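Okay, here's the structure, questions in a sec.
The letters A, B, C, D, E, F, G and H name the chains in turn, as written, and every chain counts its residues from 1.
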Amino acid sequence: MNWTVYLSGEIHTDWRLQIMQGAERNTLPVEFTSAVTDHAASDASGDGLGSEADSYWRDHKSAKVNSIRTRTLIERCDIAIVRFGDKYKQWNAAFDAGCCAALGKPYITLHDESIIHPLKEVDAQAMAWAKTPQQVVEVLTHVMKEQGI
Amino acid sequence: MNWTVYLSGEIHTDWRLQIMQGAERNTLPVEFTSAVTDHAASDASGDGLGSEADSYWRDHKSAKVNSIRTRTLIERCDIAIVRFGDKYKQWNAAFDAGCCAALGKPYITLHDESIIHPLKEVDAQAMAWAKTPQQVVEVLTHVMKEQGI
Amino acid sequence: MNWTVYLSGEIHTDWRLQIMQGAERNTLPVEFTSAVTDHAASDASGDGLGSEADSYWRDHKSAKVNSIRTRTLIERCDIAIVRFGDKYKQWNAAFDAGCCAALGKPYITLHDESIIHPLKEVDAQAMAWAKTPQQVVEVLTHVMKEQGI
Amino acid sequence: MNWTVYLSGEIHTDWRLQIMQGAERNTLPVEFTSAVTDHAASDASGDGLGSEADSYWRDHKSAKVNSIRTRTLIERCDIAIVRFGDKYKQWNAAFDAGCCAALGKPYITLHDESIIHPLKEVDAQAMAWAKTPQQVVEVLTHVMKEQGI
Amino acid sequence: MNWTVYLSGEIHTDWRLQIMQGAERNTLPVEFTSAVTDHAASDASGDGLGSEADSYWRDHKSAKVNSIRTRTLIERCDIAIVRFGDKYKQWNAAFDAGCCAALGKPYITLHDESIIHPLKEVDAQAMAWAKTPQQVVEVLTHVMKEQGI
Amino acid sequence: MNWTVYLSGEIHTDWRLQIMQGAERNTLPVEFTSAVTDHAASDASGDGLGSEADSYWRDHKSAKVNSIRTRTLIERCDIAIVRFGDKYKQWNAAFDAGCCAALGKPYITLHDESIIHPLKEVDAQAMAWAKTPQQVVEVLTHVMKEQGI
Amino acid sequence: MNWTVYLSGEIHTDWRLQIMQGAERNTLPVEFTSAVTDHAASDASGDGLGSEADSYWRDHKSAKVNSIRTRTLIERCDIAIVRFGDKYKQWNAAFDAGCCAALGKPYITLHDESIIHPLKEVDAQAMAWAKTPQQVVEVLTHVMKEQGI
Amino acid sequence: MNWTVYLSGEIHTDWRLQIMQGAERNTLPVEFTSAVTDHAASDASGDGLGSEADSYWRDHKSAKVNSIRTRTLIERCDIAIVRFGDKYKQWNAAFDAGCCAALGKPYITLHDESIIHPLKEVDAQAMAWAKTPQQVVEVLTHVMKEQGI
């Protein structure tokens, strides 16, 4: 039984890498997927379709192109990890969590204690709240390793 | 044909009231629904189930009780209006928008120009972006008034 | 048992009116719904959200606002009538028919014999093909009148 | 993560080939699918089931046989490309786009600027509008190449 | 809580009437629906759309018109009663039962002991097998009367 | 906005009555539904369909007849209350909770502290755990009363 | 793109074999599935669970065991072929067709001209009607062979 | 055609092993999945996310972590076997059965005759009731072995 895990949210620290390395150390049967995490490439993903004078429409076109990737990967994942950092609005992470909740996809939030209160609705629908990437790896290991039978 | 419109997000200004008054002026066939917007009541909604020493669990219990209301109302609405103010994280608004996107519910975002960029993923899945409650009323009027036939 | 019938497509002749009058004559228990059929109002439905320099984006905004109405009404109908006239592209009518097919909504096409061949895929998924509004009324009468029991 | 892309619409130019060659150049992990694009074979697909005196029923039978293929491939694709040429009605392309919209399948339209207005409803539900096959390849490359993690 | 019950199958005896009278005697909160049970009207339901030389296509057109009614009523019912008589093929009754099974609609079969074996697959998915209309009324009474609370 | 609440589980105490009276005191816009709670009537619900020599089949027939009611009411409810008493197996209550979880229906469990551990999987998917009927009424009041807007 | 085809219905002639051999001759990328076609084994499939005095319950148990196989295979197929012979009731074939219709699975009926009229409802929802296994092979070949692109 | 079978319920006897060995003896094309059956590991699955003073929340966290595994495996299985032993409450087994019923997953119960009555609702929705692991193997063999065609 192979698993697919979608990694959503903050792109300024190496939490994705830490989770992937931990999963590899534990030889988990898992494929990780993610949005494009190169910030500039993500913002420019619609530029090839023609330039826009208005920055709203530039953002709009790129966000829609990106959504082809993100929405599909979310629908095809078994589990999502949703990371909230201590900076920026990160509304896209909360948006992804809402998608997961409505689609019945279990997700784990990854964030510090300092933002518990504003994240309470997002956490309420999550299956777990982790404070470190290592904790996420522990949960995934419990979930995926075949101690079952 | 009656419509149900869910009003999600920011609770510190009277945007809900403005939309409702506008709808009434235009005699739209609409019922509005919303999360509990009394901040203290919302935070305390789980307190009756027993007090918690740990504030995480207090938040957790209240957020789940609130979600009985919000999730049901979102599933029963035809349209959602999702409002982002200029303060606070408002992750629950983005979360609601994600739910709507995944459920195929059309939603309209309501926010200032200053936060276009961080909201681009949320706007990309929206059916319209409005800057004022009056614009929302205009859109609802177009959508609901029976010029069709 | 009340029925809801969505009237999709061509807006330059009075086929909607003929069907509605026929239904009234036969006292069918039916509510008719439709896109906004005032062409200018439909094209301008997004103008209130701010003017656009680029006509693509003006069209885009209006089409999305209109879709709040059309998509919702299609999802809430029991039956759709999809009318193709002898002029214009009418891709939106074919698009509506595709939505109905995918949602499992039965639809009836209404068009002349002259366009049978280009409409064959749309007709193949339809439950009936009518040449006149009167024929549509006949079918609806058979479907709705309580000879059943 | 492999992707499946359905190519819908116009069959008189080599746009399918251009997209496939571009995808191969970029070594995208993608399988392309399509309706039968041999026009005569498509029109005759039901002939083996018995000849018809009435051309409406010949068209009907063939269109239904073709739909076994097209409907299944649309339901199994991750992304659809819907091409509108400058000739013919191409209602089946708009029909396919409507199916995709209702099924929640992201699609990209491919057409000239000259037909923006009649396609505005179809474009409004699309995730991108491309003017050339090369632009489609660019979008697919952004979506599929693993810059994510 | 009101209920809707669809009555499917055999049209040559008055079993529908017996169930409806029994329900009325027991003042059940129920609305009954059904296919058109006038055999000639049912066979001719597509005739208004144009005559057909080939009887296959005449049947085909009428069956599709009838299905607008039957499929919609099945989707809107809470419970179906599927009656098999001792004559005729009655494949449409078995077809309706299959629809119900796939849609998760509970259904009750109504037939004699003599046809238990050929109906075993249909009975296996049913929630009850009744031999008389009176037994159906008894079951409906148990299901609908508010002894619950 | 009216609500429907399904009351599942233990039938030997008057918890249903207490919740209903509390809801009435608070004038909640709610309709309560429930399985048949008359134990003997529930066990005998299939007897009218013919007696059975084997008690397994008697139980089987009655359970299926009862499921026509329970499954339909669960699918039509907005919220379920699932009550576990201190006696009996009450597997049907846990079964109902599992149905709710899979259907995305929010449910509240009602049970003593003494059975927290064996109910942990059922509680984990619940939106709230109440120890008294009065607590359930409090939660329902928060959820339904229109403080929202 | 591989296809799965479910073969439903009559078990007294070798139509399954003819279709499979035709598919092999044409090297179609297809896996065929089917109910257990050994009549005695099918009737006895529940016997291992304990003998039954009442033949209704023996049939019931076996039919349910068989349905584990048939329902799963129908849900996992891309296309179904439903065969009606000239003998027996074959209600299970009509039942399977109803399941396919409700699940949106395209199916092809295979039967003689002599039973067109009683099968009109089943044929009305089919994507094709074939008179011989060879015709089925022809349709499958058109559907599966990669002339598309 | 490969099958996936989820083994739910009692963890104190070797029934899982007996079924797996029987399936291997019969060379069934099947993958078995299961919850984590190491009781201590299951109870502690959330401990890595931080310790809890209140045992309710410790249970809650672990049960949610476990549900990531169990819910996903249930959604991905073709068949579930639900085992009830003669000790303990085993509400999670009944809960899993309820999930299966609502998701349309066929399941087989495995339990002694002594608990027929309290399990009647769970058995009523099952496709089979087995008393021994060997009977389960027999049913799976009938379902999976390719006698079909």
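One rule holds in what follows: a contact is a pair of C-beta atoms (placed from the backbone, for glycine too) under 8 Å apart; a residue touches a chain by one contact, two chains touch by 3 or more.
Just so you know, these numbers come straight off a predicted model, no measurement behind them.
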Co-neighbours of subunit D and subunit C - touch as defined: A, E
Number of hops, subunit C to subunit G, where each hop joins two touching chains: 2
Superposition rotation for subunit F onto subunit H, Cα-based, multiple of 5°: 180
Interchain centroid distance [CA atoms averaged], subunit B/subunit F, Å: 30
Distance from subunit H to subunit B - Cα centre to Cα centre, in angstrom: 40
Residues of subunit E engaged with two or more neighbouring chains: 64, 66-67, 71, 129
Interface residues, subunit C side, partner subunit B - complex: 4, 7, 16-17, 20, 31-38, 41, 45-46, 48-50, 61, 64-69, 71-73, 76
Residues of subunit H defined as touching subunit B within the complex: 53-54, 57
Subunit F to subunit H touching residues, read off their complex: 55-56, 59-60, 62-64, 66-67, 70-71, 84, 88-103, 113, 115-125, 129
Parts of subunit H lying in touch with subunit G, wherever the complex brings them together: 1, 3, 78-79, 106, 108, 127-131, 135, 138-139, 142-144, 147-149
